[in-house]
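Pasting a structure here, questions to come.
Read from first to last, the chains carry the letters A, B and C; within each, the first residue is number 1.
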């Protein structure tokens, strides 16, 4: 599946080029953080990587072949949960893989344990808080043991302790050998999690660099402005 | 999910099996007959006697005579009991029915509003009464459903030299005897009814018998078997047994014994073939 | 004493002396309509869900046809099923005419379009919500249909109730294919039609009230079930 090569991807909506000749190559492990202003095309890139969007031109090459049927999982910014228990929602992801009922059940229990939701396994998924819901969404993706996990702003609008819990889970998933590509607007989170950073603007990749070099010496003007644009966050006394 | 689906399927199969088994508890025949015999309560009275005697359940489908003959033509009944001699003879001549026998008779009655605008009360001659109604243009509700009663009514109009179709006072209900009586009661109209249905009809309101007893109002019923040569699935033995019974001395006794109040509604006919 | 009020007071008196024959008729009605709705669930709900999820040429035409069939007069369905089951018809060899099974078939034909049309709407709405998630997980259409039917199970109770209401209250189809045979194919509605044509209006009203009571009871149970589910699954 790796190296994942994206070549000259183009996709327009309403005449506006959302992906405008995007080219990117990802190696076999680590966490890549996708940065860039709203409208840069980050979510569209993730959707085309998991097959939800068919680009108008260009192609995506998964280690020398087309996208495999399974092995790529995606967690959306606002995950939708079925009107079912947590267990039911997690097991759902194993259905297309044809796992037997007993195996689904035991794997679901195990993964709920790992995201810290085992005690609520039989509760309704629709009654979860925002942070719990994101953890459940991660569990639903993790249970399939994906090779590539796409996360679209998994910590947007969460409180700091929820963000921390999510980051811990993301690191664990990575440790088990899953390649992670994740968008965020939280630069602190990027420095905490990323191995490398891809900076996008106007439907192209401006810069792809190891995290330390990216933040120390951003190569492109757009990235420099984006980093500097972080609003002051410490109260002035 | 799949489990639930299978469970549902299983319950449907079991339910259908249960329904089918209650429906086929013993031997039975389908008797297509007229609303007049069913609604007068005659069958409820005589059929249990036959069923007890023979062990054969008789399922009565009550329709107009015309419809009942159609059902027989398609082979959807085993025995017919109807009242339109001309149509019955045609049915037998065309090879749809066999073994037609006279069963019983009652009579038609001309009913109408007690106020009797057409002045037919006490008329001895039914044809004369029909003529008076037409001349007066008094409201008339016709069955209009090709039933035996409808056929009889049309014969009276013809004898009276009246073409009622299309006249303002002539309304075709296209319904059974009961609904037609309901309509006549509601509109204060005249209509022709068989005595059986009239006797058991409860919503008379202002209606009363105005003309009865004319021999021309004679209303004979005949029974016949649907031709097994044409429809091999017809239950010939059970059907013949019913026909033999209803035309036997015992069957005739049962028919004579049925009364509403003190009124005998049907009179058995001697077997004449 | 022939007004509506009299009919109602007589009806109450008749119900007080509720007899076993009425119980038999009620039981048959429930059995026949219940089975028709079960069959409608097995056929109509997946059919509607497929139309709600699928995107294929001719789909919109099918949706319009399905919605149109909701208004199919029961008499028409009765006549068509009668002609099919008649000894002279294509399925005559089964010998099903004038049996409860024939009534189940006719009512199934009647409720399938109704239940499918409701399921189509409900599932299509849910599909819009889950489309990306389920597609990304790798569900193909059969899997999507199953997941969405399960997820909408509480909303789909409405389809069951609508089907049951239609089946229990229709008279045209069961009259024609069942024949309104005493102690065999007489349902609440055909009994009401019979009593009306005999001019026994109080008894017709009494039976009508029994029918209404049964339908109300079933609706009450379904409503309670739905309330419970809404609390349970937010």
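In the analysis below, a contact is a pair of C-beta atoms (placed from the backbone, for glycine too) under 8 Å apart; a residue touches a chain by one contact, two chains touch by 3 or more.
Source: prediction; values computed, not measured.
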Chain located farthest away, centre of chain B as origin (C-alpha): A
Central chain (distance from its CA mean to the mean of all protein CA atoms): C
Chain A and chain C, separation of their C-alpha mean positions in angstrom: 47
Cα-centroid distance, chain B relative to chain C, in whole angstrom: 32
Centroid spacing, where centroids are CA-atom means, of chain A and chain B in whole angstrom: 78
Of all residues in chain C, the ones touching two or more other chains: 147, 150
Chain B to chain C touching residues, read off their complex: 1-2, 5, 8-9, 11-12, 15-16, 18-20, 22-23, 30, 35, 39, 43-44, 57, 59-62, 74-76, 175-179, 181-182, 185, 197, 200-205, 231, 233
Contacting residues of chain C [partner chain B, same complex]: 2, 31-32, 34-35, 38-39, 41-42, 86-89, 92, 95, 97-101, 104, 146-147, 149-150, 179-182, 184-185, 194, 196-201
In the complex, chain C residues that touch chain A: 129-130, 132-133, 135-140, 143, 147, 150-151, 153-154, 229, 232-234
Touch list for chain A against partner chain C, complex: 47, 50-52, 69-70, 73-74, 76, 79-80, 82-84, 92-93, 95-97, 124, 126-127, 144
